[in-house]
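Shared between the two complexes below is subunit A, which has subunit B as its partner in the first and subunit C in the second.
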Partner chain A sequence: MNDLAPRDDSAQVVFDRVTRFYGPVIGLNEVSFTLPPGVTVLFGANGAGKSTVMRLASGQIRPSLGRVQLLGRDAWSTEAKRHLGYCPDVDRFYEEMPGRDFVRLMVRLQGYSPRQARHLAEEALARVDMVHRAHRPLRTYSQGMRQRIKLAQALAHRPQVLLLDEPLAGVDPGGRHTLLELFAQLGDEGRCVLLSTHMLREVESLARQVLVLVQGRLVAQGTLEQIRQWLDDQPLLLALEADQQRPLARELIGWEEVLSVQVEGPRVLVRVQQAGSFYQKLNHLAAQAPWQLRRLEPLDVGADAVFRYLNQRP
Partner chain B sequence: MIRFGYAWTALVSATFHRLWWSLHSLLLVFPAAAICLFVLRWRGRFPQQEPEQIVHTLSLFTEVVVIYMFASFLVPVVALSFGTTGLGGDREEGTLVFLLTRGIPRWSISLGKLAATLPLVVVFTVAAYWATCRLAGPAGQLAWQAFLPPLFWGAVAYGCFFHLLAALVRYPTIIAVVYALFVETLLGNLPGVIKQLSISFYIRSWIYRIGEPWGVEPPSTFLPISAAGCAAVLMSVAGASVLLSLWVLQRKEYIEKES
Partner chain C sequence: MPIDVARYHGWNGTLRGPWYSALAVTRTTLRQVFRRKVLWVLLALGLFNFLLYFALIYASTQLPRVGDRLLERMDFVVRPDAQQRNGYLRFVEQQGLVVMMLLAFAGSVIIGADFRQRGVAFYLAHGLHPVHYLWGKWLAVAVLLALVTALPALVLFVEYGLFTTDWDYWWQNRAVVSSVLGYVLVMAVVLGVLLLALGTWLHKTVPIAITWTSLLVLSGAVAGQLTRSTGNRYWLLLNLWRNVRVVGRWFFGYYPRPEDRLLAPWAALILGGLTALCAALLWWQLVRLRRWD
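What follows is the complex of A and B.
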């Protein structure tokens, strides 16, 4: 067996003040981050710059300014790519080739002997649950199967850094669950997994870190908890239910933390700023008021709300 | 080094296998077969019992078959077909990303693709020429020995040049067809020195020089250069194209289209 990638905690991807222009258009604007081992989710809308990050990290393109490093080496270099597994978002294959042959070829292109490539390819096919379907030509595969083969070729040579660009696109719900388990497993093995998606809700449970890109800028970085904490002082929409809505609304409208109040059936919708301070005052009020506060429901504290908020920033 | 060897061998063999079993290979059999059929019919009209008859037939064979059918048509078509699809196929299909993100030097991808492509171009050209010469009788046997070098080096030069086009542009087949039509066909047949911009000029020049003793004469507007000069230019075109294609692939960013 050839030497495999080293597995230690120093393994990481570094973006250091990276800017990338496409002609006059800026694709990425002074982005800096470091990826530790484990799963990091790269989150952003279409056109936010996710694919640019992936292309830079996989050494397909070079930064206009700044530097991108994989395991201490320039991401453009051949040495860095020996430790890289890349699952591109483009759905292109050697269509006439059986899935098994394709994965084997990709392993062999990493410098493994035919025998080693056979072994590693089978291992990868087993991990994506494609062993019994890999004999068919790729053109006969469903979207989900093609996605699995792309994943298999990315992880077959056991790379230390895995870049997965929209790896769940086209995969059925059952398959998604299996693949999410696989990603978590890869992170637990100490590999550095960067997973790009525009559906954060699906992958938030396995994210050790989340990077949020908006219009080429990195606008948030950290765990989801940290990002939510940061958002604490940002406008937040809450739904309150009390046995008397109008006195509650009257009370709230005078608070400096409250931006707007709207009575909607049994609920009072309140948009607040400085949510921490608001919660404290609300607790106080609930204890003293003659009416009863039955329910408090934040309507946009989920991961999608983080994104929505960040996307609306001026 | 061993890792590199495994990777490079895999790249060459996979590319060769894909090209060999492609539609291109099958389609190229038809023009080659058409030339063979033409020669088979043509042979009966030219007796080759006497030495003078053989020389006369050789002169005609050189003009019609070697220059017009091979040097001006089959060699560029075969080179274009394989030369642009070795590397260009991966670019057009969007599969180049899988190669560029592997742990092998980028220049070696270009070299590997060429190593798989060039033998196909040369073998196909030489095999078709051999079959044609065999069918042409004694004159053909003389032509086989005499004109193989210019056709061989012409195939190599075209093959390397079209490979370079594949490294340079996203849709090399279209550009190569345009190049073949305008530069090789149009400029290559204009009077004056402008025709020296085309590769086919040097192949034809070389053939005319070799054919001089048998009375093979160029048109009055065609002024052939020396055989050594032709050989030097064709080899230089091939060498420069190879080096440039390695440099281009090593440096150039390839951004695949979104699916």
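What follows is the complex of A and C.
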């Protein structure tokens, strides 16, 4: 295994102009990105193409156009899959099978002997805190326990690349915290972790980079800060509260940075472009105006807003 | 961050090939089959038949008066005679019926559920090619078949040699081993590939069992009716189960009816074509899975 595992920050997963059709429907449209070691978050709404990326990266399906490589090999090759740990979104397996046997089976599918599989499975079960519950059949597990078992089978053979498809779905808050710590630890260990989610807020703290998918297109790639910086020049929605809303609205509508103004109860909703310049002008106005500006709340900050904005792009 | 510094250590042991990994698929599939209580009823039927033959051999070798009468109806030497007295052939064919029923109800457990729940795509995300996955599944069918037919037949062969205390028996009748294995191999290839193909398309137990029964049992009734009404014995080739038996009997060199010898090459051709068709359907299903249609 070590002969293939890269020892530096080089790209471990490469998507090169990948397009994927499902009959007449396009699932992924000319997507290119590379994944270095560390945690990368794949973010998008349902139907954005996250699962298609996961299936392509795990070699379950092949691209219609372009190429997908994992550690320098085609993702669907047996050699590449041996360095891959995959935690799928589906969780219907052999329901009568105890969790421990399930993890061992998955390790054995990677080519390990029964003895090695036993050792590696116990190690992984300990890591996800399932050792004492691993004797129970899968059908008796809660959603959170299923996620842990799926995670254990993905980790067990110590893969260099980990693909985690919605790994926090159905997990209780306490369990989420534990799993997030585990993901961060895996990233720190130098593994390449691709984590798909539609709840970016939960995982943004551990993301080395974020990929944002919208309708099969990769619309943003970089750190969350980079994406926000890029958004600085994009329209931003702000809520202002003043003791006199209409004079404030009248004043703002004349500014070239302001795209629209809407009075909504005690608030004035302003859509602005070139937010930096707008803030400077607003500071100046607030100091001189006869009315009092009480509150300024950017409604578009945070990862969810980044996604919302990107998702609404034409 | 450099990986060594970050405590990441890959596995340093030697990994085995995907053909070896497929054995894990076989083992798991067999465990799933043996978990179903209803299938144990059929396995018990096979075991009961085995015990019957075991007792017959004991009686025919240890109780001379009973044995003579039994040997008039059945013997345990290498080549069957015209009266179809060969005990091994009879045993394998009877056990084959048990296997046919067993597989009808086990198809969903063996492969159908994997396709119904899309679990197969997940398994193929591991170090397995679809060919290895199918190999593992086919091997499970073959092992199941061998457990019910070949293994007990060979135990009977050993038993007969032990009870007759004629040590030359095994050597003189060594062809029994290859005959039994050949017959079982024919069943394993034809029935195994047919079952896997049906399982990948039909998924659930009831449709698989109905189609399986139609192909192997009803086809016999139709073939018999057509043969009787037209007088054309080539209609017998419609009977798939009969074709399996005719080809299997080639390993014993046994054809009680003249038409069997005549039809044997055609039966082999039909079974070969059916197996190839089923293999193509299997492959098509796996291609569809990769396209995720």
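Here, the second predicted complex is superposed on the first by the 282 of 314 C-alpha atoms of A that agree within 3 Å, B and C clash if a C-alpha of one lies under 4 Å from a C-alpha of the other, contacts with A are read in each partner's own complex, and residues count from 1 in each chain.
Just so it is clear, a contact is a pair of C-beta atoms (placed from the backbone, for glycine too) under 8 Å apart; a residue touches a chain by one contact, two chains touch by 3 or more.
The structure displayed is predicted, hence computed values, not measured ones.
After superposition on subunit A, the partners subunit B and subunit C collide with one another. Once the two complexes are overlaid on the shared chain, A:Thr78 sits against subunit B and subunit C alike. In the superposition on chain A, contact of A:Asp188 is made with subunit C only, not with subunit B.
By the touch criterion defined above, A:His132 reaches neither subunit B nor subunit C. In the superposition on chain A, A:Gln160 contacts subunit C only, with no contact to subunit B. After overlaying the two complexes on the shared chain, residue contacts for A:Tyr94 are found with subunit B and with subunit C alike. Contacts of A:Arg108 after superposition: both subunit B and subunit C are touched.
Touched residues of subunit A were counted for both subunit B and subunit C, and C has more of them. Once the two complexes are overlaid on the shared chain, A:Gln60 sits against subunit B and subunit C alike. Shared contact residues of subunit A, touching subunit B in one structure and subunit C in the other: 2, 55, 58-62, 78, 81-82, 84, 86, 88, 90, 92-94, 96, 105-106, 108-113. Taken together, the subunit A residues at the contact with subunit B in this complex read 2, 51, 55, 58-62, 78-79, 81-84, 86, 88-94, 96, 105-106, 108-114, 117, 153. Contact residues of subunit A toward subunit C in the complex are 1-2, 5-9, 22-23, 37-38, 55, 58-62, 78, 81-82, 84, 86, 88, 90, 92-94, 96-97, 105-106, 108-113, 116, 120, 157-158, 160, 188-191. Interface residues of subunit B facing subunit A in the complex, by the touch rule stated above, are 2-4, 6-7, 10-11, 14, 18, 21, 93-95, 97-106, 253-259. Every residue of subunit C that touches subunit A in the complex is listed here, in rising order: 1-13, 15-18, 20-21, 23-25, 28, 31-32, 35, 117-119, 121-129, 289-293.
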